[in-house]
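Below you'll find a set of structures to go through.
Look at the two complexes coming up: chain A is in both, with chain B in one and chain C in the other.
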Partner chain A sequence: MVVFLAKRLASLIAVLFIVSILIFSLLALSPGSIVSTLIGTRPATPELIAALEERYRVNDPYPVQYWHWLTNAFQGDLGHSVRTGEPVVSVIASRLPLTLQLGAYALILVVAVGIPLGMLAGMRRGRPVDRITSTVAIVAMSAPAFAVAILLIWVFGVWLEWLPVYGAGDGFFGRVYHLTLPAVSLAVAMAAVLHRQTRAATMHVMDQDYVTFARSRGVSRMRILIRYALRNTSLPIVTSAGVILIVALSGAVLVERVFALQGVGTLMIESVDYNDLPVVQGLAMLLALLIIIINQLVDLLALVIDPRTRMRGRS
Partner chain B sequence: MTPEVPRSAIGRGFRRYIAKIPRGALVNTLCIAVIGAVVICAILGEVIAPYDPRAQDPLRGVSPPGDGHLLGTDVLGRDVLSLLIAGARSAVVGPVVVALGCGLIGGLLGLLGAYYGGTLDAAVNRLADLIYALPSIIVAIVVVGVMDGGYWSVAAVLTFLSLAYQIRIIRSVTMAQMSLPYVEAAKTSGLSDTRTILAHILPNIVPTVLATLLLDFVTAMIGYAALAFLGIGIPPGAPNWGAMIATGQTYIFINPWLSVAPAILLILTATCVTLLGDQLHEAAGRKAAIR
Partner chain C sequence: MTGLQEREDLTTAENLLSVSGLTIRTGDGRTLVREVSLELRRGETLGIVGESGSGKSLTARAITGLLPRGLEASGGAVLDSISTLDAPESRLRKIRGRKVALLMQDPFTMLNPLQTAGTHIIESLPKGAIKRGAVGAEIERRLSEVGLAADVAERYPFQLSGGMRQRLATACALAGDPELLIADEPTTALDVTTQSEVLNLLREIQAERHMALILITHDLGVAFSVCDRIQVMYAGSTVEEGPAQALVKTAGHPYTVGLKRAEPPFRHYAPELSTIPGRVPSADSVWKQCAFAARCSWVSDQCLEERPSLQPVGDMRRTACVRIDEIDEELQAEMGIIAQEGKLPDIGAAQPLLEISDLEKSYRVSPLLGRTRTVPALKGVSFGLRTGEALGLVGETGSGKSTIARLLLGLTSAESGRIILGDLDLSSYKSLSGRERREARRRIQMVFQDPYSSLNPARTIGGTLSEVLQISGRRKIGTSVADLLTQVGLPADYASRLPSGLSGGERQRVAIARALTLEPDLLICDEPVAALDVSAQAQVLELLRDLRARHQMAMLFITHDLAVVRQVAERLIVLRHGEVVESGSVEQVLEAPQHLYTKKLVQAVQQTRGEGD
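This part shows the complex of A and B:
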């Protein structure tokens, strides 16, 4: 187990290393010199130029530049925003809570809707419940979050005037009230993916001999559902979390923009628009870390849920 | 001559799979009708539009439906329906290019990886794993946004980011074919690798290739629309669904159709293509693609 974890950790560090090189190279991708990009629209005083040249070591070879950037990043110093001059880390930190709240809200909706409906559809294959939810899921899966968001704004904001269509609201209830439409737009595609995974997994479980046997022993439907189906379907569901996360991240960026929420996603778009590369790099690094960590957690969770995978993991 | 190879295994695979799709199904007809309409709009564009999509009427500005404008007008007084029809081209052309490029590159990599195995296969797999873990829309936003790229650089970036799915699917179906006797028969009768792949394996995986092309198209269309929504990759003011959704949002209380109509069109087109792709996948004897 220790060797297994050590190997995992080593490959993790290798991946992070490659990703960090790519993220650093974004600076080179932007048109114009590094220093002119980093100055942005600020007045190009000799002091500023000198400070940036010193900090980014523009006169040194590329690997040296990268190394300095990386060691600074490790100490939590990702440079200063071109736009506001604030440290990148504090810019991101100030935007993070709203995005996390939105994500948590959407996740609750996804789990509350996707899993029960998926299980229901899987247990009643071909019945109306299955057909209807599966059809809706296909539409929902094809629909980009920002298009769904516009439709929701139209129906619930313009027509019915039930829910607010922009801003984040104050206080707990204000926040929940304001984040409802964004969270639903974000949740739609994820719930559809989860529904599909759960349905397939449940169908597979219901075909197993142990379910037939349990039924013939007279085990109640509820008990089969929870003790047999839920536990055995949880593995494919957990392993699909990586895919769902990626859907969520891409969706969140656009949904925040639609609802004018000042979260991390809006920050990313603003920074790309403004060519505020230190912030873009910081966000990209955060994103890469998040994806890598979640994928590792998913793998570990799979080991916990299904003892059968433990043997394979050890080899 | 290709002696000793059972005829049924060659070339007829595609027609057989198509025949398995239940014909006359209402949903299929609807899907094909929607896709057909969008394609016709993409080809003919402004020719069939009721108004010139560029004709401005600044005095009119944003207006709700009526007065000869079925879906109203946008902020420059342009007819929304005409903009939608003209916008079909930029919504379809790029994604078609992405799907074809992705099918060619990803399909070839997956096919060759599965056929030759070994280091090549391992390398192809690694590439697919890497791309698979990327949040493609965000990567596209950052890369294209930072290098200030245009329509075709979006195509290049999206093609690269869609390779993973293509490689994985084609690789797995080719693997399944490799164990069938006809491949061995082709090899033992002395056919070259190229010939075995092109004349024997390829015809048998064509349905899957087509299905993945359709699903690649959907991903690319959504990617393009998302970027256009953010104003990336399209010239400002050009008729484009994604851009219309963005600009229309400001005026949603005056003329909701400005952003709702392109949103519905986008979802509808994506759904129809996905449905057809899924059916093709199922007809090709695979479980429906889980994306």
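This part shows the complex of A and C:
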């Protein structure tokens, strides 16, 4: 087990390293210079340019720039925001909690709605429950998160005036209250995808011989539902849930924008607009890290769920 | 309706199960099983015999209320005064396990992969039957009843062999102490030795518990060795039923004769394998006539006039053959022909073709958690093969049979040892030039076990075959897809069909035609008839024998079936744990086995065939 985790950690670091090179190179190659952004409307005196170039190491060879950035990054220093002059780490840290809360809220909704309805549809194939949820899921899947968001704002915010349409709210309940509409808009498409996945997995499992054999022995309905259907479907579901979560991260950018939430997504848009290179680099690294962690978690969960992956060889 | 009622009242007194007029239809109205009746007393053993498509498994599923989605059953099935066809699911759940349990065919798919053996047994025990503290002891007792050690309880299904899984499944099915156990082809997916072990186990448990048993099988020999009574099904209806002892000696229906004759003899070489021509029709296409008419050599106008019902013919047996009185003598004479012996055709003093020496191969198994292990697959295997000769390769799962085939085809490479085919050194495919590799692949062709997965389901038969024709370059010389099909006994218009429109035997013929197109020197057949019904099996074996003689082609015949190998091979190699434990002429090895393992194999075959062979 220790060896396994150590191997996984090593590969995690290796992937992160490769990603860092890619991100750094891509952004370094992108048009527009930091110096001109920083100078803005000020007169561009040679001294000012020289000072800025010195500070942001613009004239160093590319590998040296990268090396500097990397060693600093290792010490938790991702540079300073061009826009505000604050350290990138603290800029991101101040925005991160809200986004994570939004993501967690959405994920809870996705799992709580997508999986049970998917299982129900899978077990009652062709019955009304299946037809209705499947039709709704197809509509929901094809609606982009920002469009859903605007619809929800109009219905629940403007028309019914039940829920707030902007801001993050204070305190736990205030936060939940304010994040409901954003979380729902984010969750709708994901829940639909998970519903489809769960439905397919459940249908597959319910057709397996072991379910028929269990029924032939008089094993109770509840036990077949949980120990047979849920456990055996959880493997493909967890795998797809990981992918869904990653896709959702990009959806969060737009949803935050629509609901005027000061989260990481909004920060990303602002920073790109302002050509704030250090912050964009930092965000890209954060995103890469999240994706890698999600994938590792999915693999770990698979190990927990399925004894075969724990012990069987890959020869 | 009142008649049915009366009948029920009469029979339930002594019968545990009585099924009457059971009909199973699909949602779109096709009939799969038509008016099947059967009766079973407590402690009695009934064999339901028939090929795939005969409706025997569906009958069993219907009795337990477990028909696959979309199928509807009508008629009556009364189990211990409970009508199982119309009982609600909640009622059925109470009788399943306690009154009736269904043991299914494939031990590899029947158990929940995510729970241990012990958990399987606990969940199958009736609620409240066992006190908390006694659960461990109960699991141990249940496991030992089926011959499994107590430590198996901790293991997951994937850590058990096929035979052990089938034993575990049996223990689960028996956990509720049912009065009736329905075993649906419980040994088909197992090795010969394991087959006879599992059959013995079922026999013992049935006798010990005085439990009723329905054994569903396509193998008459298996049914004879276990059952009191036998019911033969064909195309969704019963064609004959009677005591097993009577059926062993005489047949009351041409289909039964066909089934018995199609089974290749184990004790001798049969110069001509008997086959039932054609394929099983759908129940709907034959519902107004005798279902077997199209394939029967005794067919007359009488057989096509109406659907025959089961008529008593003495000896407590009944048959659906309307001409039984006229043809009885001929039928019994036909049964006798099975014993006709013959000599293997002589292949003459042929040239050596293939020389294999000291092959060593092992697989590395690296689990996600834990140490990488090396599992030896072949430990110094040597043998030779002459032009036109057929060599049987016999051994159980994991003995290294398939590894040899893979090595010959260059799908994997050996650690050491040599493979010489004529002037080609195939010890390492990697060191061959592209031209040599193509040549090697042309000279060695393979027919796989499962004709359902070895043909591309999206391509027509013609497409599959013309692809190979193009590779062979013979298209110019004028060989056509139609010629290839005729060569394997299929009509030319099959070219436009998809594999899904063909029966198992027909697909295997296509696979053989595909392999033969390249005119190989060596044809490797990996269990080519294991997935087929007995009648199709005999047809394919006959085809292989014929083609081999015509093409002067050597054959490496991998199988676990000793009767099959007797019919096709001159020499035999017995493999065990990657080593050759015995070799010699087929006759010599099977008549006078020397190695303990070979003796066990031969004995197992005799047992499953009811020793009457």
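Everything below uses one rule, namely that the second predicted complex is superposed on the first by the 266 of 315 C-alpha atoms of A that agree within 3 Å, B and C clash if a C-alpha of one lies under 4 Å from a C-alpha of the other, contacts with A are read in each partner's own complex, and residues count from 1 in each chain.
Criterion: contacts are C-beta pairs under 8 Å (C-beta built on N, C-alpha and C of every residue); 3 or more make two chains touch, one makes a residue touch a chain.
For clarity, every value in this text was computed on a predicted model and none was experimentally measured.
With both structures placed on the common chain, the touch criterion links A:A143 to chain B but leaves chain C unconnected. Of the two partner chains placed around the shared chain by superposition, chain C is the only one that A:F4 touches, whereas chain B remains out of contact. In the superposition on chain A, A:V272 contacts chain B only, with no contact to chain C. With both structures placed on the common chain, the touch criterion links A:I294 to neither chain B nor chain C.
When the two complexes are superposed, the chain touching more residues of chain A, out of chain B and chain C, is B. Once the two complexes are laid over each other on the shared chain, residue contacts for A:V258 go to chain B alone; chain C is not touched. Shared-chain residue A:L70: touches no atom of chain B or chain C. Residue contacts after overlaying the shared chain place A:S220 against chain C, while chain B stays out of touching range. In the overlay built on the shared chain, the residue A:I305 is in contact with chain C alone; chain B does not reach it. Once the two complexes are overlaid on chain A, none of the chain A residues touched by chain B in the first is touched by chain C in the second.
Against chain A, the residues of chain B that register as touching in their complex are 133-138, 141-143, 145-148, 218, 222, 225-226, 229-232, 245, 248-249, 252-253, 256, 259-260, 263-264, 266-267, 270-271, 273-275, 278, 287-288, 290-291. Only residues 64, 66, 69, 93-98, 100-106, 109-115, 123-124, 126, 156, 158-159, 169, 172-173, 175-176, 363-370, 372-373 of chain C touch chain A when the two sit together in their complex. Put simply, chain A touches chain B in their complex at residues 26, 29-31, 138-139, 141-144, 146-148, 150-151, 153-154, 157-158, 165, 193, 196-197, 200, 240, 242-243, 246, 249-250, 253-254, 257-258, 268-269, 272-273, 275, 277, 280, 284, 287, 291-292, 295.
For chain A in complex with chain C, the touching residues are 1, 4, 125, 207-210, 212-221, 223, 227-228, 231-232, 303, 305-315.
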